[in-house]
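Next come the structures, one after another.
Presented sequentially are two complexes of subunit A, the first with subunit B as partner and the second with subunit C.
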Partner chain A sequence: MFPGERVPISSLSSSIDVKARREAMEKLRQKFLELLKKVLNGEEPKMIIPKRTLSNTIYDKERKLLLLGSETFERNFLDMREARKFMQTVLMASIIYEALVNNEYPTIRDLYYRGKHTIRYRDHRGRVEEENTWDEQRESDAVLRDIEVYVGLLREDMLILSKEKGKVVGDMRIRSGDDVIDLSKMGHGAYAIEPTPDLIEFIDVNAEFVLVVEKDAVFQQLHRAGFWKKYKAILVTSAGQPDRATRRFVRRLNEELGLPVYILTDADPYGWYIYSVFKIGSITLSYESERLATPKAKFLGVSMTDIFGDPETGKKPYLTEAERKNFIIKAKKTDIKRAQELMNYEWFKTPKWMKEIDLFLKKQSKLEIEALTGKGLRFLMDTYLPTKIETQDFID
Partner chain B sequence: MFPGERVPISSLSSSIDVKARREAMEKLRQKFLELLKKVLNGEEPKMIIPKRTLSNTIYDKERKLLLLGSETFERNFLDMREARKFMQTVLMASIIYEALVNNEYPTIRDLYYRGKHTIRYRDHRGRVEEENTWDEQRESDAVLRDIEVYVGLLREDMLILSKEKGKVVGDMRIRSGDDVIDLSKMGHGAYAIEPTPDLIEFIDVNAEFVLVVEKDAVFQQLHRAGFWKKYKAILVTSAGQPDRATRRFVRRLNEELGLPVYILTDADPYGWYIYSVFKIGSITLSYESERLATPKAKFLGVSMTDIFGDPETGKKPYLTEAERKNFIIKAKKTDIKRAQELMNYEWFKTPKWMKEIDLFLKKQSKLEIEALTGKGLRFLMDTYLPTKIETQDFID
Partner chain C sequence: MSSKSVGDTVEKFKSISPAEFFYRNKEIAGFSNPARALYQSVRELLENALDATDAHGILPDIEITITRDKSKSFVYRITVKDNGIGIPPHYVPDAFGRVLFSSKYVLRQTRGMFGLGAKMVVLYGQMTVGEPVEIITSPIGSRRVYAFKIMIDIKENKPIVLYKASWPKNSDWHGTIVRVAIEGDWGRARQRVIEYVRRTAIVTPYANIVMLTPDNEVYVYRRVTESLPPPPRETKPHPHGIDLEMLKMLIKSSDAKTLEEFLIKEFQGVGKVTAERFMRQYGFDPNRDPRTFTQEELEKLAKALKEYSEFRAPRADHLSPIGAELIKLGLQAILKPEFVEAVTRKPVVYEGHALIVEVGLAYGGAIPPSDHPILLRYANKIPLLYDEKSDVSWKVVAENIDWSYYGIQFPAPLAILVHVCGTKIPYKGVGKESIADVPVIESEIENGLRQVARALKAYLAKKRREEELQRKAITLIKYIPEVARSLAVFTRASEPKISPEELEKKLFELVKRRLPEFPTNIKDVKDVVLSIE
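Moving on, here comes the complex of A and B:
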């Protein structure tokens, strides 16, 4: 099942990848060797895998993280109901292992294609039957997730790559692959974060906080106007819903460098959800949160009280009546529904978030970040953002 | 209407931007000064603007480009039917001019917000009426396009920014802003192209061709495995439909450095359209093609004859029968419809493209690039791509 190292590790790959590859191979081999030993000893071959169900997903209030609980399930080869899934898991593990050995960098789509074939066999009455290994990527993705939790390696650790949208600039040096990259020397462009951000080494940093901007276009504007230079920021964009690599990169900036992380999104439930994915993790993939989420991230804005002010605290709005009239977008039914859903999440049940969501439901209004740059980029850069940060006017 | 330079150009902006800003201001000022002079001389204030209609969009067979024809229209302030559009155009020009003066970097969304307000006026019977400058971004975008063709400046020349998906790596040094960037020292990450690629200076390059990959994940794989080092390529991804900056960047690589450009997409009408946008330009924005399109770009694959072979030329397929069975995706109705539409475009009316589209319609099959990496990344990198390039097996 597991071929030896037939192909020499190519000199074209970085030395970092060579090391990561060996570590992942070792872990995979060990875990599946246990299984093989069971067979050789005449024991039942079975895997004990943490459950990835909603009921086994726990919000840890202390750590402020979505985590997998302690429930597990058995995948037993000799159980007819489990045999197919068992075979799929072993198939996937062997494909990943081969890719590691052969110095490859598969994507999850590749893994699906590589494993997809039809098995012909004779049933107990001697009839020829056909069965597909898997039909849809949904199936192969679920098997991959089983392997991630079973072996205790994220896909990135196994050098499985994916498309990557995150970008960064700031006064910081990193080592990626065999290169040292100065993130303050990117000109008008930016550094596109690699799909395996755990392999990045932080060399040195000269910054006071991280600003994560939902929208790439706003990132471009702030970058170009020198926001990160003037305010000593590391500027990151997720370009919409954050992918895994951007989340992990931001988490590492917070955890390892101690930099506070502020998230800037549109003022709407979609923006709040982006914040929530950065901070807590996603519900369907809670096993990743432990490494990908940034529990200390703060929602900087745009908040409903930024738009309307807050009579309770005496906070004045950043928009005038006329600006509200011109800039506000009426919330859609789907926005309202989404807001009501968010109210049920444990981590939104704080006084500040309840006020935010209540105000949204009352006003049925949303606002884009661009409405603030519509007031002038200087307003966003030199008034709104510094004031929000200085007065600690964020939502936790 | 046009304020002077109230705010000093900030030291935070690059010197390149300072220069670009002055040039754009000068051009805008000159063009609208003409208008003002007409008013002062008692003449009718009117603009003569090239028509951006389909009938004035011409496919230039020689240059292989979609271009605007010579038809123009008049926008006359004193014509009641035109007065609103005239005012919108002047409003937009003044917003752009102010942004240039104030050292800003608006997006088209900002321009929409900045101009959006309600004008109250009394009609000829003395009644108070209200009129919005514009209601939707579609309206303000159309006005911006009028200004682009009227003044002869693309939005990027006026430092209007946008979100940007394109990435590049390769053995090449560029100057962007005030920095020199070595695109061969990006580690596992990549250089995210700036929204104003005309401001990039090419310093030196050591490459033989440009490979543009539709899919970011495939770009990541080829980059990581050292494709560009081994085959002396500049590797670019558009991450789906190419944006303006990626198109302009690729065009400059071709035109100024003389590098052949090969485009790699999925084998389906959506992929062909991506190729077509790179090569010819988009029909709705033909005035940009002159600067954004790369007429010499070649479609490298994945082609239908790569999948099925070609009995006429004796070309053997890259996929086995079993692989076709596993990897091919059945074409949807929308794919068929799209393919039939493409057949009507002048630039697809070549023998090779007709064969390609015919084969697609006959087999009703499509294929993703990932199906090739499903055969192994080494297959894509060391067999498929080099063979296709060496044997010049592309479609023009």
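Moving on, here comes the complex of A and C:
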């Protein structure tokens, strides 16, 4: 090729991208051509879509997963209440399809902007009115989710990108696109987990477990201190609520490489929920749990008994009376409320979790992971974490 | 206390002429201040012009011109030109120069009936500006045009003719032009004058009325129909409407030789059979000459005439209702509403006189919404503008009727027209601007109003149903182009290609089939969805 010659984007894309693209296009097209045929044959244009509601979210005790139930609803264009949503759904599908055809990688924000325009019409009183195809991204996001469950394709499969949030380091090599990346040679930085983790190929790995840290800052400290080298770990952070890519990536580490997964969060209801999202899935995205959840993930800490000890089992607290005084934060009203909500979720109704939540409600106090590094990074790295793992002091 | 001598307290007796009476009491006739006087003058002249046309089967063409004097402030000239029957030249001086001289002192419904209006204008002009009234007239069928300049001798109540001329007519115009100069206040009269003419136009949709104001604005009310209400016919009095004095006058002017003949000839609703029964019941001798009746006998006769219940009800053919059709046309033409309805009620009797109530209703369209119905009141086709709140119509419209029952929620764009016509109308006060709440009139207005309001209710219900149908259809149709375009995207890669237009048509058909009743005014997606530039 000569300098300056125009290169079609597709030939620059990785081969794995091209394949994913073709498959998504085909599936999307099949589904919506069905609708189109109905219109041409004078049949009612309707989609049968699985319901994405709490009532249709089922906790599978066996597999320990939040799954989408079997309830469906009908989105019929000729139904007054569904007409607008129907329009939004086919509009969104057409934009995604066009992006696939044009070798693009839109974000959900792109999709929102591409589909947003004004419909001008005359109302029943003869006044000229204007209405947007959608007003807020909340609306376009909602129909995107409908399309995911209707077509059976996750957004990653349709090459829709979201912001990269999760990071990983460790003694491991992967293929992303057409490149091989050595995750042990990231310097002070880390590999940002790509939005389409299914397109990653694991080449080889030299590790014994995966440690997922809620807090980015703690991740960096452990990385620089050489935690993953010393303890043969793959170190991951979700930097707060985990995005889909991080969850899928962790799941693959567990499922395909057989590595145990330990999760380290703040000792508060939000930390617990982050853990449960990793482990069993979230309510809003229950339809993806099958692919995103890691049912075998374990809650390593920080637990209430780490802070206060457990007279029942004779467990000693990791913090002294004085340290507790310094590091503990008083729980807020919203924390209490959230804890009470969690108690109602099926998947928190285990003796260990009940003990954890009861203790929280009793003490009305919470703790950040940073409190442990406050006691000394070495304490976290060489005492707390190895002891917890060795003594299997985690909640399953 | 006083330095007056006893002699000073002796009263001086004298009588004054009718002209002088009204000269001294001009407010009685509505000339209390310059603004009101200007309004009243336009009114009197316009009413005379209409009486000279529509009451005689002529489609009115009327021009009103009001100009401001260039040098003298508060001096205005009013000119009213009509195409009426004109005035026979020998009557002109008295018609404009003698108070209480009229051609309308008969039992027949006209706007004027007191022989006062034109003279008050002349008197007032004479007092304030001092110029004579100018009249140009050509009676229908006459080959000449006559011109006069007249003033009034107030002490003697008789015309002073200052100028008189006539010339052969070379067009086929007939009618009258009257021109007076008066002191007025256009600034404060403006709104009322304009409103008066507008309201007149509502009940005379068969008239062309043009008005030029001192502000050089032109108001044009075009004729929207050629049909006139039937002219009122003169009628005889009904026995129930009579009193002792009237009875004496009738006997005096009648050439009947016997009581029986008198009763049959001079009253309406009295035939031979009725007359005989009446006289038998009260013991009157049919062959007596009524002229020989004593005072006592006359009193007995008057009382019996009022009392006897077997007379036929008073006739109404001397009345001139506007008619439901014309009311609707007028409301439609001037208010430009979306719905009109009107009703002319059957004649009823009020103190021996027939009386007809008409009610019109206009809703929506260009009518501005307000917190209560806009009330347009008329008595014998004359708009009533003042004292609205004390009128019986107001009571009915604002108090007796629960509008929510008829589907009206205020503020609403609603106008109500009430026309009361009759040879005897119970006005409140001397201003004659409002009608008293007499039970028979109140119930007539209320029943009429309920009749038209029911029609409105039905119309609104139908409209709401249609709107609901349309709303439903539009809820779906507005999304069709977007859905069609989106679905067509999926066919691009495949054969055969399907165009968004084709899909639009199919979707439109689907929507049409889905809705059991489909609004007839939506023929295409493009009737609903507009393109965006």
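Throughout what follows, the second predicted complex is superposed on the first by the 371 of 396 C-alpha atoms of A that agree within 3 Å, B and C clash if a C-alpha of one lies under 4 Å from a C-alpha of the other, contacts with A are read in each partner's own complex, and residues count from 1 in each chain.
The rule we apply is simple: a residue touches a chain if its C-beta (ideal position, glycine included) is under 8 Å from a C-beta of that chain, and two chains touch if they have at least 3 such contacts.
For clarity, every value in this text was computed on a predicted model and none was experimentally measured.
Student: Kindly classify A:186 by the partners it touches after superposition: subunit B alone (first), subunit C alone (second), both, or neither?
Tutor: The answer is first: A:186 touches subunit B but not subunit C.
Student: Looking at the overlay, does A:69 come into contact with subunit B only (first), subunit C only (second), both, or neither?
Tutor: neither
Student: Does subunit A have more residues touched by subunit B or by subunit C?
Tutor: Counted on subunit A, the partner with more touching residues turns out to be B.
Student: Between subunit B and subunit C, whom does A:317 touch in the aligned arrangement: first, second, both, or neither?
Tutor: neither
Student: Counting contacts the way the document defines them, which residues of subunit A are shared by the two interfaces, the one with subunit B and the one with subunit C?
Tutor: Touching subunit B in the first complex and subunit C in the second, residues 117-118 of subunit A appear in both lists.
Student: Okay, in this complex, where on subunit C does subunit A touch?
Tutor: Spelled out, the residues of subunit C in touch with subunit A are 467-468, 470-472, 474-479, 481-483, 485-494, 498, 503, 506-507, 509-511, 513-514, 527-532.
Student: Going by the contact rule set out above, which residues of subunit B touch subunit A in the complex?
Tutor: 10, 12-14, 16-17, 102-107, 109-110, 112-114, 116-118, 161-165, 167, 174-181, 185-196, 199-200, 215-218, 220-221, 224-226, 229-230, 239, 322, 325-327, 368, 370-371, 373-374, 376-378
Student: Under the definition above, what is the set of subunit A residues touching subunit C in their complex?
Tutor: Spelled out, the residues of subunit A in touch with subunit C are 28-29, 32-33, 35-36, 39-40, 42, 44-45, 77-78, 80, 83-84, 86-87, 90-91, 93-94, 97-98, 101, 117-125, 128, 131, 133.
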